[in-house]
Every structure is written in structure tokens, then in C-alpha cells.
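Down below are the structures I want you to see.
You will see subunit A twice below: alongside subunit B first, and alongside subunit C after that.
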Partner chain A sequence: MNDSFLLTILILSPLLGIVLLSIMPGDHRFINYMGVLGTVLPLGLTLIVFSLFDRSLSGVQFKEYHQWFELMTSISPNEPYTVAYDLGVTGLSVLFLMLASLITFLASLTALRIKESAKGFYILFLLLEVGILGVFASENLFLFFLFFEITLVSMFLLVGKWGGFNREKAAFSFLIYNGIGSILLLIVIIVLFVEMRTTNITELTMLLKDTDSLEFLSGSTRTWLFVLLLIAFGIKLPIVPFHTWMVRVHVEAPIAVVMIHAGVLLKIGAYGLIRFGVGFFPEQLKEMAVALAILGVINLLYGAFIALVQTELRSVLAYSSISHMGIVLLGVASFNTAGLQGAVFQTISHGLIAALLFLLVGVLINRFQTTKLEELGGVASQTPLFAGFLLAAGLASLGLPGMSGFISEFLAFLGLFEAMPVIGAVGVLGLILTAVYMLRAVLAVTFGERRTLFDNNRDLTAVELVPSAILLSIIIWIGVYPQVLSNTLQLARTLGIGG
Partner chain B sequence: MDMDTLLQYQWNSMMPEFTILLTAVALSLIDLFMNKKKDRSLLIWLALAGIAAAIVFLFLQFDDGVVSILNETYRLDSFAKAFKFLMLIGTGFVLLLGVPDESTSVRGEYIYLILTALLGGMMMASSADLITLFVGLELLSLSSYVLVGIRKNNTLANEAAFKYVVNGGIATAITLFGMSYLYGLTGETNIYEIQGLMGSDVVTDNRFLAVFAFLMIVVGLSFKITAAPFHMWAPDVYQGAETPVTAFLSVVSKIAGFAIMLRLLMVPFVFAPGTREVITPDGVNYETLLVSVRPYLVLIAVLTILIGNVIALRQLNAKRLFAYSSIAHAGYLLVPLAALSELVFDAVWFYLTAYLLMNIGAFAVIHVMSAEEEVTVASFAGLFKRSPYLTIAMSIYLLSLAGIPLTAGFIGKFEIFMSALGTEPKRYLLVTAMLMGTVLSYVYYFGFFVQMYFRPSKHQTPVTISNGVTAVLAITVAGTVLLGIFPSVALTFIHDHFQFLEIFNQ
Partner chain C sequence: MDYVFLIPMLPLLSFLIILFTRPIYKKAGIVGTLFTGAAFLCSLIVLFSHFAEGNYIVEANWFSLDTVIITVGLEVNPLNALMLVIVTLVSFLVHIYSMGYMANDERYATFFSYLGLFTFSMTGLVLSPNLLQLYMFWELVGVCSFLLVGFYFYKPEAKAAAKKAFIMTRIGDIGLLVAIFLLFWQTGSFELDVIFEAAQAGDIAPSLITLIAILIFVGAVGKSGQFPLHTWLPDAMEGPTPVSALIHAATMVAAGVYLVAVTYPLFSVSEVAMTTVAVTGGFTAIFAATIALVQTDIKRILAYSTVSQLGYMMLALGAAGYTAGVFHLTTHAFFKALLFLAAGSVIHAVHEQNIFKMGGLSKKLPITATLFLIASLSISGFPLLAGFFSKDEILATTYGDGRYVLFAIGLITAFLTAFYMFRLYFLVFSGNSSTEARESPSVMLIPMMVLGALAIVGGYIQTNWFGTFLGDWLETTPYSITFVHHEAPFWLPILASVLSIGGIALAWMMYVRKTTSIKESNERTGLHELLYRKYYVDELYQVVFVKGSRVIAYFWMYVDRFIIEGGAAVITGAVKRFGQAGVKLQSGQVQTYGTVAFSGLVLVLLLIAVLGGYF
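Presenting the complex of A and B:
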């Protein structure tokens, strides 16, 4: 049953950093560096998992199974409900693991600037990483939920303590929305558990496909379970109208946390939707495909239009995230290989691009203490490297061919046009808008007249340059050689859909 | 009854009760003859020794079958043992909280009244007759009334005690009124006799009276477990009483309330006919009473959850907030009962265990803080800077109360959700109420996090913690986390030692 303990070690590896940090005195000179080191170990282990992952095999790898506890009822003590500790990765989750530990590492570098109670910050930061890695490595819904809640608590504290002016409000908004999402998820998990008597994801996917299972879970029950799942992950993704919390967090949270939030945490929504929504309830998804596609177009256009009128760079990027997540929905709704692959590509690619953009926003805040577009302008003349990276990130975001954004959007729309050409045609409008708002924002920062004189206009330092360069090169790499994702993904095998 | 019959009884099955009774009597005598100026903390340690002895005796009985003595009025079954175990542990914690340090002192009567209250609770868990049951209930209630008002010169305490007595009196009257109908219908006070007679023609003809009796008993007993409609006393009484007494009321007294409620609602009424006619293969029949009254139980549970959680949102005083929080938890605990789930005993027992650990812990923290001032939510500001370990302990209790994984509270809540979703038809109303309640509770539980971690403090000095409280904190934190990570410890313990279904057997 147990291939190796690699995944357990991976998930628990940030704990080493937490332990070392907690025994260090709080005012130690190297406390921030210790925090960064704490994220290196998980990154290394993920690289090992990523390279050992056998791309020629189908199914779950690095399986671990231990019985955790049993719930027995007094009336039928011989048929206990078994809850298991159950890890494993598929092609889909191994990509997300890679994304998660890479971005966490890069984000930890930008957090080097944090001065106020850095010890607490890094401890929570590493705890957040435990949660994120656990979410993607769980082969079991119960465990998935457990790690999901760990991210909830640590994010609440990170946003509320180290955030901007309205941090407490943002933290509560995050907590309530995600709390609702997580409890809806819990209800879906429990219904599946009491009816199918397992929470193992692969087993559930197989069992639910079997027509015999209709006896336990009727079509109508499945429909509302799917709707609950859609709301639960829709809050996380986010789907308009559940997006207000996410904009608040984007604007208020410290930059390192926003990088993780936009780069990885929101992607849990897409991951869950693809892994559980598509995996468990394909029939229901097909029935609701049109509704889902319309939601996707609304996301895409709403996000784009609002981004167009924002006067502050963080808000532009927040709404841009909403807009881009619309494309994920469109890909899922098209429900064919191209579309689903596009959805996964878009999720990964946007994770990288959002992380890069927010990294650069962090530089902006550090140098100029403002992200208001009207106060910025003409920074290209003094900080050419920064301006170059910002422009490149913007171009990646609007889907320039040769970068990861293009291939993802291309695939998603390819799938969509095949399934629903009309909605596809409306959706393409959004892509044009993306170009408009992205260039407007980026150009307002880099070119034009200098509005304000800033004392500190140092260009990218090494600590900023290296992560930016790493992210940008991966973005370009995926753009020119998308097989790097699709080889690992093996989507048809992972989800077991035809085509 | 002659001497021989008396001697035939297996008196050893009452050993835990005798131990507590003897300890209480001995303590009251020692208190009487002890020098007035002398410190009473010795009495606490004696009381704790008594409780430890009672737990040992209880453990020795664990694997005995059902024993019933005194003309079947007293009954020792798994159900009774499981609840007595929790009550003994809970009272032990409460006594530890009361251990005085240099600056405070303790009254002798406080200690032995806690023990008599515990004795009442234990009798409630073990009685199989309406009369003994009522005697136990009154012993617990009367002791608690005095405990609440024990600070004679405190206005809040006086108000609290008075409210408690009046409300308690009304609730008791209603319970008795319901019981009188049971007696009237069957002519018996033994609840197992009543169970047998409930199928008779007299009862079937007067089945609405049985329903009435049931509802009266529910309403009356909802007082002890702070469920709606009898929850109003809780905030005032919790605020007015000394914190260890509050902890006692919110945990031990509530456990006793659930013990009596489960036994008195499940056992006599299990075969009683309900109001609606159903067609069975053997002709027209009546559905069982428990099914007929289920909507009312659901209503009570939903109301309790919502009232507790919604009003808790606006509370500034920490004890009042925890009063409403404990009302909400009573609502969660009613869910398996209202769902008529087969998990009812397991789920309630496990959740009560978790609740005992996390709530006693939270009250221990409040107790520590109340040394300085009236404890409000804002008094927690900057606690992390002052006393990091205390803050981490409080965080664990709060996470557990909010039902976050890796804590006992989550497993408990998970089991309750299972109980509501695992029965056919699924109880969506109950689940929705719990869902809303849980999300609402995030707001006020995490409100403490905002204070403890984000806000600056008015004081800089660390909080002083007595040794007794330190012990309570250590054990409850360990228990909360342990049951969250290895719930099988408790779950297999239940199954190795308790056969809850014994409760129904004659």
C-alpha cells in the first residue's frame, strides 16, 4: 500500500523550519533568512517528487495509506466508517505541488523586507505552506479539508497582523467567505462519506462512475452536491459575485502573502473544481455546462471592465485575476480535452504570472510607497530592469504568443468554440479588454511623465531580480514548450475522460 | 423491606456515589471544626482525592453488565458510567481551578457544595425511576443555586442567584408537571415499567397526553442544558457567578442535563404510539411518538443554535459571550437527538468530552484574567505579548470551539454532521442551522484572535497563573489536541467499554 513516505516528509518538511524558528530568539539577525531556508527544503523535496513522478504510468503515485480512525455506531458496530490518512499524487496534483512550493519559496524571499515580528510571520508562513502542500498531496477528501482549514487559519492571521490599513476587515472578510465555502465542502464530503463509505478521491471517482451507485446517490442529490461544490470552490476561485473578499485580500495583505494567495491559494478553487467537480459529477457538469460557461463569461468580462477603471495597480491586478479565472471556468464548461487542458494550463500559468506581477508590485511599494496609477509614471527611465519585467509580465498576462498565457487561453477557447461557439465569440471580447486594461496599467507606471519625484529609485536588487527572472523564464518556457505541462498532466488518464 | 433484602443488593455498584457522599460529609465536618482563620485549600485536595477514588471505583465497574438495585430505582449501565465518568473529570477540573494562590482564599462550603452538586448529577445519570431522578435533579439544582450566590456581598452574584432560583423553580415545575402525566397514564414511576406500559390501550387511546408529557419534560429539562426556550438565565448567571462555578454550570451541570434528557426522553417513550396513523402490513397503526415529536425537537435545536450564535456576536463581556457560545453548543448537541440518529449516544458523548475539555480550558483562561478586572473581549488585547503560552492555549480552545480540524471539537462536530446526514431522510434543516451557526461562531471566536494577536495591550506585565490552573490548562490543551489528532483513543474506548444500547433493556 505504501510506496514511500516521501509525500508525508514533503508535507511536514516546513515544520522543520517552524521548529528552528521557534527556538531562535525573536530579534535574531538571521531570522528572516531562517524563514527562507525553511521553504527551501520543501522546494527540494517537491523537485524530487516531480522528477521521480513516472509520466508513463496512469493513476496515483507515491501512495500512502494508514487507517486514521473509525466511527462506529452503537446499532451496527460491525460496519464502521473508516477515515484514512491517505496521500498520493496524480499528474494534476504534482504540477500544483510544484507551483506551490516554487511560489512559496520566491514569496519568502520578498518577505525578507518584513521587520515587524518576522519570527511570527515566517512561522505562520511555513504553516500556510504545510496547508497548501497538504491540500495538493491529499488523496482523501477528509484530509483535503483538514489542510484547507490550516490555510484558512494561517491566512487569517497573516492578513490580519501584517496587512495594510484595513487588514482586520480583509481578514474577517476572508475568514467568513472561505469559512462558508469550507463548510459547504464539508457537507459534500460527509454526504459522499455516509453514502459511499469512503473519502478516497480515486475510489470515489470510480464508484460514482458506476451506474450501480445511483442507488445510493440519486441524480438529483448529485445535482445539488455539485452545486454546493461549485459554490464552495467558486468562492475560492472566485466566481462573481463571491469575489469581494478576494479583492480586499489582494489590496490589504502583505505582498509575500498576496503572491501565495493569487499564485496558489486561489488555484485550490480551480484544482478542486477540476479534480472533484469534473471527476465526481461529470454528468451534472455536462448538464450545467452552459450555465457554467455563462458564469465564466461574466467573470471574464466583469473582471476586465472593472479592471479598466481602477486607479490603483493592486486592484487592477485583483480584478484581472477574476477575469482570468473566468477562462478557467470556460475551459471546464467546454468539457473536452482541449478545454480542460486549457483550464489547467490557465490555472498554472496565471499562478506564475500573478506571482510575478505582485512581486513587482512589492518592489513598487518598497521604492515609492504607492501603487496609485496617477502618482506613478515614467519609472522606466530610472529603473529600466523593473520596467522591463513589469512590461513582460503584463504581456504574459494579456496572452502574448510565446508566453504561457497565450497557450492556455488558446486551448481553453479552442475547447469552448468546439462546444459552445456563441459563448466563445462573446468571451473573446474579454481578451481584447485584457490587452487594454493591462497595457493601460503597465504603461501608466513605466512610461509617460514623471508625476512625483521619488528619493529611492534603485533598480531591482539581486533578491528581487532572481525570483523575477526565474518566474519569467518559466512563463516563457511553458509558452514555447507547453509539453512540459501536458506530459506530466496526462489529463485524460488523470480524470478518466475520453477524447 | 427487611434487612436481608437490603443486604442482598450489590451495594458496591454505588461505590462512586458513596465515595463522593462520604467526602462531602467529611469535608463539611472538617470545615465546621477547623480554625476559622485557617486556609481551606487542604479541603480542595481532600475533595480531589475523593474524586480520584470515585473514578477508580468507576473504572473497576466498567466491564460489569447492567446492575439495578433498590427496587430497580437505581441502575448502573454503560450509559450511566459514561456520563458519570465525564462529570467526575469535569468536577475535578473545576476544583483545580478553585485552588487559591497567595492573594486569594477559598470557602469551605464552596468545596462541599460542588461535591453535592456532583452527587446529584451522578444520581441523575444512574436513576431508573422518576422519583430518584427528580431527587438527583433537585440535589444538583439546589447546590448550584447556593454556589452561584456564594459571594454574598456581590450585587451581580445576588442577582444571578435569584434569577437562577426563580427560573430553575419554574423549569422544575414544568418537568414535574410532565412527569405527572406519565404517572397518570401508566400508574408507574419506574421508567422501565413505563416503557413496557406505553404500548397499552390506555396510552394509545390517550396518546396526545403522552405527547404532551413528552413536550413538557423537554421544555422543563431544556433549562439544565440551556436550550431554548429556557436559555435566558444563562448569560446573567454565568456572568454573576464566580468563574469556577460558571465552568461547573456550563460543563458538569450540562452533562448531567444531557444524561437525564437522553434517558428520560429515549427510554420511556421509545415504544410509545405517536399521533399520526400509518399503514403497516398488520393494518392501521400509529407511528412512534419519537417520530411525531421530532419536528419540535428540530425546532428547539435550530432555535438554540441560532439564538446562541447570533446573540454571541454582540457580546462584549467574555463570560456572557461564552454563555451564549455554550447555548449554541447545547444546540449542536441536540442535533443527533433531533435527528433520531443511531449515532446519538456516541455523538453526544464524544462531543460532550470535547466540550468539557475546550470549555473548561476557556473558562480557566477567563478565570486567570479575572484576577485583574471584569473580563471583556477587549481585556484579551495584546495577550500574546504578555503571556504567549496562555494565548496559545486559548487559541487551541477557540479553534476547537469553532470546529477547526486537528482539535477535538472538529471530530465532535464531524460526528454530529454525520449523525444528521447519515439518517434517512437526511436532516437538511438541522445541517443548515449548524452550518450557519458555525460560520457565525467564526466571527466571535476569531474576534478573540484579533484581540490577542493584533491589538496592543494596556498592561505589560505577564498574567499570573496559579498551579491548579496551570494543571487544568496543560491537561485540557493536551486532551483537545490529542482527541483531535488521535480520536480513535476515545472512539475505541467507547466501544470497548460502553454498550450504550443497554439503556433500553429492562
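Presenting the complex of A and C:
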């Protein structure tokens, strides 16, 4: 049953950093570097998993299975419910693991600027990483939930303590919304566990696909479970109108945390929707596909329109994220290979692009102490490298071919046009709006008259340049050679759909 | 022909080398020129090997979607071999010219790297054998255009123009994108040959083909600055002048015409689509020509002229004149690029763009003036120059196709063209001048001379007298395109020449002799003002689309802020209040704790009593 202990080691690897950090004195001058080092080990291990992952095989790899505890119930005393410690990865989760540890590492570099109680910050930061890695490596819903909760707690503290002016409000908002999401998710998990007697994801996928299992779960129950799941992950994605918490976090959280939040944490919503929504309840999804597509279009246009009139860069990017996640919904709703592949691509791609954009916002805050569009302008003449990267990131975000955003949106819309051409025709308007708000925001920062107020600012330093260049290279790499994602993804095999 | 791949690769290398090697800063121009020159040589070789070997295509797998394998590839057929030569030649000449024109610019190297990226994208576009690849490069040339229009990024006008160029063309691009989606689900492929086969075998419903063709045309309208998406092109003149010559006159804006030509088998199946193209083209031609009559900025006049001439090409294509459209695209590339480069030479010399503030420059800039005159004569359709032949071909086609209204519009446009070109020429070059001006360096003049020669002789590739070489060659296309050849009525070249010379003469009387009673006054009234304000299209768009979308945006923002956030605040508040109620219990008073504990105990006992069945 156990291929290796690689995944356990991977998930627990940030703990090494936590241990070392906790024995270091808080005012040590290398404390931040220690924190960064803490994320290097998980990155290395993920790379190993990524390269050892056999792309020619289908199904779950690097399985680990240990019985954890048993629950006796009065209903069936002879058959105890078994809860297992159950790890494993599919093509889908390998990609998310890679995304998670890469962005965490790059974000930790951005956090080098943090001076105030850096020790506590990095400890929580690494704890957050444990949660994220665990979420993507879990083969079991209970374990998934457990790790999911770890990310909530650590995020709450990171936002609440190291955030901006309204950090406490943002943290509470985050906690309440995500708490509600967790409860709904927990209900789904418990119902599935009680009825299906297992929480193993792959087993559940197989069992639920089998129509004979209707005796366990009636159609209407499944519909309700799917709706609950949709709301639970919809809050995370986020789906309008559950998005306000996420805008707050985007605006208030420290940049390193926003990078992870926008780049990885929100992606748990998409991951859950695809892995569990599509995996467990394909029939229900098909029934509700039109509704889902309409939600997607609303997300896409709503986010885009509001982003158009924001006066502050972080808000623009926050609403931009909402808009881009609408495309994920559209891809899922179209429920064909092109659409689903587009949804996964869009999730990964947006993770990388959002991380890059927020990394650059961090630079902006550091140099110019503002993210208000009207106070900025003409920075291209003082910091050309920064301006170049910001422009490139903006172009990536608006779906320029040759970068990852294009192929993702292209596939999602291609899928949608097969399934629902009319909704697709409305949706493509979003692509125009994206160009409008993105160029408006980026050009407001970089183009225009030079402001002498900002004279003598340093351009990107090495520690900013390297992560930016890494992210941009990957974005271009995926854009030029998207097969690099689909080779690993093997979507049809993972979800058992398509041709 | 296996080295076709070098044609896009060389400019790409040039881009990368210049981008990553800052130290060679001052040599960027030479690097760019050498690489583009090599690409031009390759294009020439490819052109000649096409004469010998015929069509060529090579493809490789790029991406797989289920069972569908999406390929990338390179295709050489008459149309794109011709485009390759035009693109690389003009790019090469513009590279040389820019070494002089941009010599003192701070961002000299950046400029050349962008030129390299553009040349790569444009040649990539031209070589695409499938629509997805074509679309990708289509967007990339758009971005290069955006970058170069916004090259003087610190100027607010340049910033606005760059943004406008990108957004307006993107509106068109979405049409093309939707067309690609629809074609994919109809034919299961992005490959042009598969799509054309399906279209001509009748596998796609006729109404759907019409829709698809019109959507493709929407893309072309955006890129080629056709009405109603034309407003970005004149504004794009904020870019450096060599860029205007390369991108906004000779190559990228012609990509729309090229796109229609590439997908011609789709258009030709649908009469409605053809008429749409012809009418849009004809209308744009005269619409832009009338605006050009009264503009005062040298580059904007040329820009409206470009819009008008592109309309001419669309008119030709819509009137079943495949050869005529492509022919005019070719000659236009030469004389319009020359006009821009010559205008650049003037601007370089006098640092002024208002033609009413110039004058008498033919004495100061004799070579520039001569070349400008050649190009002006050519575009005006002066007998025996390049423009004369291609314009005649278009008029003949339109006439032969039975579209008499459009034919008349074409004739009037020809007259207007001759007039506004010579209004420009006379105001800038004739008379006396007091301004100081020095002729441009030879690095700028030599490329202009090459284009000047082509603007004179370029028309002889397709004449009724010496042979229809271009038309015959274009017929070797691998796709089934019906070539209609209309013999021009004998009076047509004569009428066209008369109109052309008439336009020139009128301009001469108004601006040189100043004998006519018609004068251009500074007080603009009525029609003059309407034309000067470009029919108020910009103002209309500003109100309807820009303001309109902002109104929608603000509406949603307030919904977001008050209704959704408000709702969220209620939930958050409820949770908080519940929490605070709990906090109050933790008062530290033993009495309170006791009360709570006792109440709880009573409750539990009651529950046990009730549920346990003791009652």
C-alpha cells in the first residue's frame, strides 16, 4: 500500500524550519533568511515528487496508507468506520503542489522586508505551507479538511497581525466566511462518510460514478451535496457574492501573504471544485451547468467592471482575480476536455500571474509608499526594469498569446463555445474589459509624466528580480509550450471524463 | 525551403540579443539591421524557390486536446511568400532609416528590440498555416504596435494612444476569436486547409459561414482601421515615425486585408459576407479620404490616407478582386512607407508636424521633396506609377462585379486622394521658407530611395500591357479561390488619370496659385468643422462606450459596496454580537457562573427526563 514516505516527508518538511526558527532568538539578524531557507526544503522535495511522478501511469501515485482510528457506532457495531491517514497525488495535485511550494518560496523572499516580529511571521508562514501542501497531497477528505483548517488558522493570524491598517477587520472577515465554508464542507464530508463508509477521494470518485451506488445516495441528496460543495469552494474561489472577504484580504494582508493567498490559497477553491465537484457529482454538475456558466459570466463581468473604476492598484488586482476565476467556472461548466483543461490551466496560470503582480506591488509599496493610481505615474523612467515586469505581468493577465493566460482562457472559452455558445458570446466581452482595466491600471503606474517626487528610486534589486524573472519565465514557458502542463495533468485519466 | 523557419527566428534573435545585452547599446541598430537584412534575404530566396518548387508546408505537434492534435507550422504559398518579402523588406529599410532617425534617443536599444519583436511576430503571422497560430501572432503584432505607439511613454498623448490602439484592435480580435471557436466546433480543426475543405463541401450551414466570415472580418476591421473601429489608427501616429511607416502603414494594418485574403475561401461562399466587406471598405475609403482633406498634422493626413487606402483594398476583396486587393496591398506598402519615411525626414529636419507652419522645404530638402513627390504621385494614381496600376485594377474589378455605387465611390475617392496628397505636398514643399532645415543623413535617405524606385516600378508586376504576373502567380495558391479577371473598359484608365490629375490641379490652384475662390480659412465652419472633427466619431465613442461602461462600472461598484458588503456586515455583525454576548458571561462574577451552571444543569436534567422516557 505504501510506495514511499516521500509525501509525508514533503508535508512535514516546513516543520524543520519551524523548529529551527523557534530555537533562534527573535532578534537574530539571520532570522528572515532562516525563514526563507525553511521553504527551500519543501520546494526541493516537491521538485523531486514532480520529476519522479510517472506521467505514463494513470491513477494515484506516491500512495501512503495508515489506519488512523476507528469509530464504532451503534448502527453497525460490526463494521467500524475507519479513518485513515491517506496520502497520494494525481496529475492534478502534483501541479498544485508544484505551484504551492514555488510560490511559497518566492513569497518568503518578499517577506525578507518584514522587520516586525519576523520570527513569529515565518513560523506561521511555514505552518501555512504545511497546511497548503497537506491539502494538495491528501487522498482523504478528513485529512483534506484538517489541513484546510490549518491554513485558515495560520492565515487568520498572518493577516490579523502583520496586515495593513484594517487588518483585524480583514482577518475576521476572512475567518467568518471561510469558517462558514468549512462547516458546509464538513457537512458534505460527514454525509459522504456515513453513507459511503469511506473518505478516500479516489474510492469515492469510483463509487459515486457507479450508478448502482444510487442506492446509497439518492439523486436529490447528491444535488444538495453538490450545491453545498459549490458554496463551500465558491466562497474560497470566490464566487460573487461571496467575495468581499477576499478583496479585504488582498488589500490588507502583507504582500508575501497576498502572494500565497491569491496565488495558491484561492486556488484550493478551484482545486476542490474540480477534484470533488467534477469528480464526485458529474451528473449534478451537468444538470446545473447552465447555472454554473451564468455564475461564471457574472463573476467575469462583475469583477472586470468594478476593476475598471478602482482607484487603488491592489483593489484592481483583487477584482481582477474575481474576474479571472469566473473563467475557471466557465471552463468547469462547459464540462468537456477543452473546458476542464482550460479551468485547470487558468487556475495555475492565474496563480503564477497573481503572484507576480503582487510581488511587483510589494516593490511599489516599498519604493513609492503608495498604491493609489492617481499618486503614481511615469515610474518607467526611473525604474524601467520594474515597469517592464509590471507591463509584462499585466499583458500576461489580459491573456497575451505566448503567455500562460492565453492558452488557459482560450481552452476554457473553446470548451464553453461547444457547450453554450450564447453564454460564451456574452463572456468574451469580459476579455475586452480585462484589457481595458489592466492597461488602465498598469499604464497609470508606469506611463505618463515623470513625477519628480519619486526621484532616485532603486530599480529591482536582485532579491526582487530573481523571483520576478522566475515567475515570468514559467508564465512564458507555459504559454509557449502548454503541453508541459497537460502532460502532467492527464485530466481525462484523473477525473475519468472525456475521450 | 527548409530554412523558412529562419525568417521569423532571425528577428526574434535580434530581439533577444538586444534585450539581454545592454552593453552593446549603441550597436543595437546594427545588430537589428543585420538580422532583419538576413531575414529579408531568406524571404527573397523563399520567394524564388516558391517560383521553382511551389507551395510548401511543415507542421509539428504543439498541444493535444483529447484526440485533436493542435499543430504549429510554417506555410509558404504565393500570398504569404509575397507578404514575407514585403514585411522583411520594409522592416529592413525601416531598421536602416531608424539608425539615423532614432540616433539621439535615450531608448535607442529598446526601440530596436521592439522592432525585432514586431518583425518576428509579423512574419510568424504570415507563415501560419492554422488559425490558432495566426491568432497568437495576430495578438503579438498588436502588442508590438501598442509598445511602439507608447514608445514615448512619458507623453500623455502617447499613453492614451497606445491604450486606445490596443483596446480598439482587441474589440476586433474578439470577433476573430469567436470565429475560430465556431470553426473549430464545426470542423474539428484549426487548420486552414481542413476548414476550407469543409466550407466548400457544404459541411457548414450557409448562414453559419456568413456569421463566421463576418466575425473574421470584424477582426480585420479592427486591425486595418476600418470604420467603425478606425479611430485608433490616426492616434497611433504618436509613435516614432519609422514605426508609423512600418507598422501603421505597410505591414500590420495591412494584416486585416491579409486575413480576409487568407480566409478568402470562406468569404467567397457567402455573398452577404462579400458585400459586407465591399461596402465597409468602400465606405471607409471615402469616409477617411474626406477627413484627410482638412487635417493639418502631416502624419495624421497620412494616417487617414492609410485608412482610406486599406478601405480600397477591402473594397477590392469584397468585389471578388483577390488579385486587385493583394496588388494594392503591395504597392501601397511601398509608397505609403515612403510617404511616412519622407514625412519623418521632414519632421526630423524642422521639428514640426503642422503643415501650415511649413513651406518651401523643397529647396532645403531636395531629395526628401523629390521622393515625397514620387510617392504622392504614385498614391494619387498618376499614370504609369505603381499606384496607378493597382488602383485601376480595383476600379476595374468593382465595375466588373457590377457594384456601380461602390465604383463611383472609388472614383471620387481617387480624386480626393490626389487632392489631399497634393494639398499636403504643396503646403510643405512649395513656396518660400524661412525655417532652418538640413537634409537628412544618407542612412535615412537611402532606404527612402529604394522605396521610391519601387513606388515607380512596383506596378509592373500586374498590368494588362506587359502581363499579369502577380495574378497568374497568386493563382497557384493551394486553396480553391475563384479568380475573376475583369478586363477594364478602355475609358477607365483615362477617366482615372483625369481624376488624378484633376485632383492635383485643384490642389495646385488652391495652394500654389491661390487663384480659386475656394480657400481654406482658419475659421472652420459647417462641413469643414465636421470633417476637421472627424465626424465627431471619437466624441461619440467617448460618450457612449467610455462613459457608458464607467456608468455600469460605478453602478456595480455601489451594489458591491452597499448591498453585498452591507449583507456581509449583517452576517459579521450577528456573529460578533453572539460572541460579545458570550463575553459578557465571562464577567468574573461567581454569581453569574453559578446561575449559568445551574441553568445548564436543570436543562440537562430536563432533557434526560424527557428523552429518557421517565415521564
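Everything that follows uses one rule, which is that the second predicted complex is superposed on the first by the 491 of 499 C-alpha atoms of A that agree within 3 Å, B and C clash if a C-alpha of one lies under 4 Å from a C-alpha of the other, contacts with A are read in each partner's own complex, and residues count from 1 in each chain.
The rule is simple: a contact is a pair of C-beta atoms (placed from the backbone, for glycine too) under 8 Å apart; a residue touches a chain by one contact, two chains touch by 3 or more.
Note that the structure is a prediction, hence the values are computed from the model and not measured.
By the touch criterion defined above, A:Met72 reaches subunit B but does not reach subunit C.
Residue contacts after overlaying the shared chain place A:Leu308 against subunit C, while subunit B stays out of touching range. In the superposition on chain A, contact of A:Leu439 is made with subunit C only, not with subunit B. When the shared chain is aligned, subunit B and subunit C each come close enough to touch A:Ile176. Once chain A of one complex is fitted onto chain A of the other, the partner contacts of A:Gly160 are limited to subunit B, with no touch recorded for subunit C. Applying the stated contact rule after C-alpha superposition, one finds that A:Tyr81 touches subunit B and leaves subunit C untouched.
Once chain A of one complex is fitted onto chain A of the other, the partner contacts of A:Leu109 are absent, as it touches neither subunit B nor subunit C. Which of subunit B and subunit C touches more residues of subunit A is settled by the count: it is C. After overlaying the two complexes on the shared chain, residue contacts for A:Phe145 are found with subunit B alone; subunit C is out of touch.
Across the superposed pair, subunit B and subunit C both touch subunit A at residues 172, 176. The part of subunit C that touches subunit A in the complex is made up of residues 62-67, 132, 135-137, 139-140, 143, 150, 153-154, 156, 158-159, 162-163, 166-167, 170-171, 174, 177-178, 181-182, 184-185, 549-550, 552-554, 556-557, 560, 564-565, 567-568, 571-572, 575-576. By the touch criterion given at the top, residues 68-77, 81, 145-146, 149-150, 152-153, 156-157, 160-161, 167-168, 171-172, 175-176, 179-180, 183-184, 186-187, 190-191, 193-194 of subunit A touch subunit B in their complex.
Interface residues of subunit A, counted against subunit C in their complex, comprise 172-173, 176-177, 240-241, 243-245, 302, 305-306, 308-309, 337-338, 341, 378, 380-381, 395, 400-402, 406-407, 410-411, 413-414, 417-418, 421, 424-425, 428-429, 431-433, 435-436, 439-440, 443, 446-450, 481-483, 486, 492, 498-499. Interface residues of subunit B, counted against subunit A in their complex, comprise 342-343, 345-346, 399, 404-406, 411, 414-415, 417-418, 421-422, 426, 431, 435, 438-439, 442-443, 446, 449-450, 453-454, 486-488, 491-492, 494-495, 499-501.
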